[in-house]
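First chain written, first letter: the chains are A, B, C and D, and each begins at residue 1.
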Amino acid sequence: MSGKRRLGVGLIGTGFMGKAHALGFTIASRVFDLPFELDLVSVADVTAESAEAARARLGFRKATADWRELLTDPDIDIIDITTPNLLHKEMALAAIAHGKHVYCEKPLAPTVADCAEMVAAAEKAGLVTQVGFNYLKNPLIFLAKEFIDSGEIGEIRSFRGVHAEDFMADATIPWAWRLDPRSGGALADLGSHIIACMRHLVGPIKSVLAETVIHIPERPVSRGAAGTRAVEVDDVARAFVRFENGASGSFEASWIATGRKMQHDFEIYGSKGSIVFTQERLNEIKVYSTGGDIKSRGFRTIWAGPEHPPYGAFCVAPGHQIGFNDLKAIEVHEFLQAIAKGGRPTTDFREGYEVQKVLSATHRSARSNEWVEIG
Amino acid sequence: MSGKRRLGVGLIGTGFMGKAHALGFTIASRVFDLPFELDLVSVADVTAESAEAARARLGFRKATADWRELLTDPDIDIIDITTPNLLHKEMALAAIAHGKHVYCEKPLAPTVADCAEMVAAAEKAGLVTQVGFNYLKNPLIFLAKEFIDSGEIGEIRSFRGVHAEDFMADATIPWAWRLDPRSGGALADLGSHIIACMRHLVGPIKSVLAETVIHIPERPVSRGAAGTRAVEVDDVARAFVRFENGASGSFEASWIATGRKMQHDFEIYGSKGSIVFTQERLNEIKVYSTGGDIKSRGFRTIWAGPEHPPYGAFCVAPGHQIGFNDLKAIEVHEFLQAIAKGGRPTTDFREGYEVQKVLSATHRSARSNEWVEIG
Amino acid sequence: MSGKRRLGVGLIGTGFMGKAHALGFTIASRVFDLPFELDLVSVADVTAESAEAARARLGFRKATADWRELLTDPDIDIIDITTPNLLHKEMALAAIAHGKHVYCEKPLAPTVADCAEMVAAAEKAGLVTQVGFNYLKNPLIFLAKEFIDSGEIGEIRSFRGVHAEDFMADATIPWAWRLDPRSGGALADLGSHIIACMRHLVGPIKSVLAETVIHIPERPVSRGAAGTRAVEVDDVARAFVRFENGASGSFEASWIATGRKMQHDFEIYGSKGSIVFTQERLNEIKVYSTGGDIKSRGFRTIWAGPEHPPYGAFCVAPGHQIGFNDLKAIEVHEFLQAIAKGGRPTTDFREGYEVQKVLSATHRSARSNEWVEIG
Amino acid sequence: MSGKRRLGVGLIGTGFMGKAHALGFTIASRVFDLPFELDLVSVADVTAESAEAARARLGFRKATADWRELLTDPDIDIIDITTPNLLHKEMALAAIAHGKHVYCEKPLAPTVADCAEMVAAAEKAGLVTQVGFNYLKNPLIFLAKEFIDSGEIGEIRSFRGVHAEDFMADATIPWAWRLDPRSGGALADLGSHIIACMRHLVGPIKSVLAETVIHIPERPVSRGAAGTRAVEVDDVARAFVRFENGASGSFEASWIATGRKMQHDFEIYGSKGSIVFTQERLNEIKVYSTGGDIKSRGFRTIWAGPEHPPYGAFCVAPGHQIGFNDLKAIEVHEFLQAIAKGGRPTTDFREGYEVQKVLSATHRSARSNEWVEIG
């Protein structure tokens, strides 16, 4: 017995993200000295069969086709939501109503009002929440933030970011839930990551001027089907951004960037230096400083190592590299620390709500072609 | 004697670009089988001393403090203008009036009307013109254009470009002619290069939505001086772009990108592939194709070689690399070919005018924050 | 209940590699459909305290200060050895004598005779073995092997490899077990990885001509101590290699390569193409083919994705990247598959023995400065 | 008139290197403030036609099919030899006998005795010589040398270098003069560059242990011919190297490295830092330092700029990049400075002789498989 308090987890959804979360919990419990003894209690999916299949695979004790069962399970302390974002609000509010902490994938919910309701409920209940902005949970992003906050690169002047992939680039890919106009589009799906990044590293956003574009206006109704269905959500979204601290910037979200698998890139330019990162090489970051002899200046490529916490939890030696699922473990760790200490993760529901405000403003600006202030 | 017709050159301006042009002529005459025997006749600069100093250094026969002398010099066939862009129009029109072909640095002139007047004069006179969009004169940019034009990467959907340097990033750099609001700013100085690139590779631009930002609002009057002078031109400019062929895109120009020396970068995404380039590594280009076995797909890094004309003119073996001044030699070669054959360089005054229309629309959009159609 | 047969694991050693193995088992059981239900039974370490501390952290049920207890534990089917390599033989032979499958870190043992004894015992007992050549368990190394075996890059002509790190570059790092001449040196510690790589991708090695160098001839007896102790093992080892298939090559091992954290790099040149890889960027590999239009040729950078098994077990989407501990999970998976199916992992004890023969020949050649045939 | 003393050039050979030298002279005279007024007097080639064709193209005044005519031309001060290396000695000795300074391509001559004779003649005559080790004439290599000499990376411990190209990788490429056993092979042709690099940056070489390999044992007699001819020279050469200062190292030369066009790479590891360079990206160099906060350490990518002389002679702004022919111009500049000041270029005949001694020792070692001391 570890003597630690047990903390029970109930997972809703067993797809891409459901598995990543399960791995996050499992890895976190091995690499970190967690404040709790994690208990993967129950997993819910659409059918009993898929739930049961996931149960064994993902390491849970129980399975159910009714996610509401998790709410009343006394063993469960955390509800982990990895379903499409249209479903997040209902599930999160129910979880909160039952006194559960909530871990939820991004984007938090389709509308700002939805998010606000979720934040209010969680904060009123005094529960801890976490949103899956996993790319921020990189030891080197922590380093970037440390450099920025300490003034190492001076006053931040400009930001350029992109989150581009190509999973929708093939025009024969059929219509699917990602294209549902109530929640979908490259901006919501991918742009939310880069917005979270901007807020995390540069600070609050004051206003945006945006455009969205549909490059593949119709897609097959389903794989191999003859009929087509109109696409109403953006393939590409672009925005100019003004930060409250005076910095300016831009970002782009695209899911039709042929050849790109994880172009989550940013460049931050300050008065005394700059930082350049791409998620395509997540274990390295480039930092430039104006100090020192001019002939020696250049972007330093810093590789992740134990000197960049919490890399050392995964490996005591530098250069060995962490992967995507490890980012999820760090996300879990932060969440559990906040539960233990009564604090707030940096990417809790309130932060998810703030990101959603920017997303919403970006959508509005794309319709009006005017600068929209973040409320 | 080569038996070739002699062609005389008169150069105005002996600074950074004056020297680059002189080198361009000199190198071109060694590496290409030019249609003319070049004669570097005379060079004009602000003072007789600076002109004479440049004469010997740059390989010209004569020097003068009065650029108008070049106009009436019967030995001179080409007037080459490398002065600040506020002076281009007067000089170019005078040259044309005297029946000289004109080679002029970018941006062509501060206003669209200026450019239009210059184009009209040159075309009416049947003279050949060339504008110094040197980054397009890269054998690998020719390859990119060939790939795009042949459909190798399919229908072009999106473009993302930037031209960022840091020569104005230090706030103690004093006010100078580059900051003159009649012609200056990062957009005019650097953005013109990326606009020319977009037009060259993707095609005509339909409209833009832009913003410009001043991050260093005042600068010392002069080096070391106590007083400051307000900055009225953009440090950073950003624009969304719609192309006539339906592609969308964006570009940024910045001269405060700390650490960047030549970030003239672009990414072009098509339905069947993509092309990624940075001038920071001008002898390589990355190309992605969706064809072939999925497990073998990736961006190919293509190094410049003799199979990419006119690289072979500089070196018969691949991998040896060309440099910036060699791009100028290719620019000169294209200009002289057009003179010999009566054709038009791809970047003649008309193209400079088209670029200026986009620049102008970008400025207007930045003021109005509305989409502006290119006239 | 999964209905799968249970398989019990006993782990000896809880340091860097002990933890990595524990993570390997844990991650493997989540991402793969393993043929067994893994049971992390017991962990042994030098003291009861360290063993107990590791037990909870690494997810085992029991802990002991006596590794021999694992041998007689009826719940244990696999003995996993992560101790210094001087101890491997005794532990492995004891495990085999008790009918346990053995998973052992590299290098397998200090001498060829040791390794031969271990192989003979394991093969006679019909037990499955696995050695921790983790860098080979990369989906992209599987791809490289597939390309080579299918003739995609033609006949292999030359190989150049290195495994360089810098953890001993600081001359103030004190003497430690890694410097024990009975087993140590950069060649044994790091060279074994690159030898395994050569054998895996290019094939059996016929002969070597080598040298070893000591650049830091003495080190402090212990951290901060005044006295020094002579270093008798190599800081750098280099060898020329002839393969049985006629290819030639070279490798280097160094632990004083200042700035290098994981330079496990290789370049393989064939008659029709080539492959270039660095563990510094383990999720990408570069492949060149001589086919197609010459102007389009270049090294393709291929990013790991689901099309490169077993990447898809970790993440259904490309570009998300796997990390070092995930390589260990793949190693575990291969081991368990072999146990289930009665096959041999590619890196079993016999392969560890073959690698040791090359290591030994390299050491002998470094002493004699003559070509040494691999026995 | 510049008032400078005229210096006449006679060029022998008009192929790849003949052209590069002509460009070197021409570019040098434009970018540098040379101590002489260069006069490209006469060019010699095998036939009168080829000489005359080159004359006009390369900018010379006269042409001849008899190189000996240059010797007695009173206008000529420098004889520039760009013929195959079997011819160097005869030409250089003749030039020296006529009191001409000599600029000669590498490798200086096929044998050490040849080189010694050339050095003795030149030194006795008090004439200035220069050998075409052009890759050393890179502003960033000057920077590397400065860093090494100033102790910035500490005591040098190890070197790893390669010069690999693929121009002989295709087995259907016919026999040619490069394969002549009197002078040829990858070691002589390409290895000489990396040997010169080692000597320049790390220092004198004490001994080598080498091997050479022929991977394509026969080639067509001529293009498309049916018959084949045995290849007697190395396709790949490899050597271990001990430097006089105690550093160890290795180098490889290959002309069958499929896909490589200019892999002239080296890595230098010192006790306090390291330097990594590839000619594939000749305008950047990577430098690592152990100083400063560990979490900020990394390889700095330094781009060539005016702060790295003589880059500024080519371009006043950083980031614009120089190319191969510009390296030749720097080589010329160094040569002319030495003539003017009576000094020695760093790569004069004596240096060519020292390189040849290493080449020769490498060949002998490859035959004996023993360490060979450099005499």
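Annotations for the structure displayed:
One rule holds for everything that comes next: contacts are C-beta pairs under 8 Å (C-beta built on N, C-alpha and C of every residue); 3 or more make two chains touch, one makes a residue touch a chain.
It should be emphasised that the depicted structure is a prediction, and the values quoted were computed from it without experimental measurement.
Centroid distances built from C-alpha atoms place A farthest away from chain D.
When the interfaces A-C and A-D are ranked by C-beta pairs in contact, the top one is A-C. Chain centres here are Cα averages; for chain C and chain D they lie 41 Å apart. The centroid of the Cα atoms in chain A and the matching centroid in chain C are 34 Å apart. If each chain is reduced to the centroid of its CA atoms, chain A and chain D end up 53 Å from each other. Touching of two or more other chains is recorded for residues 260, 297-299, 303, 305 of chain C. If you check the complex, the residues on chain C that touch chain A are 2, 16, 19-20, 22-23, 26-27, 29-31, 33, 56-59, 165, 167, 260-262, 279-282, 303, 305, 314-326.
Chain A makes touch with chain B in their complex at residues 153-154, 157-158, 160, 162, 169-171, 209, 211, 213, 215, 235-236, 238, 240, 246, 248, 250, 252, 254, 256-260, 267, 269-274, 288, 290, 297-299, 369-371. Residue ranges of chain A in contact with chain D, taken from their complex: 143, 284, 286-287, 294-303, 307-308.
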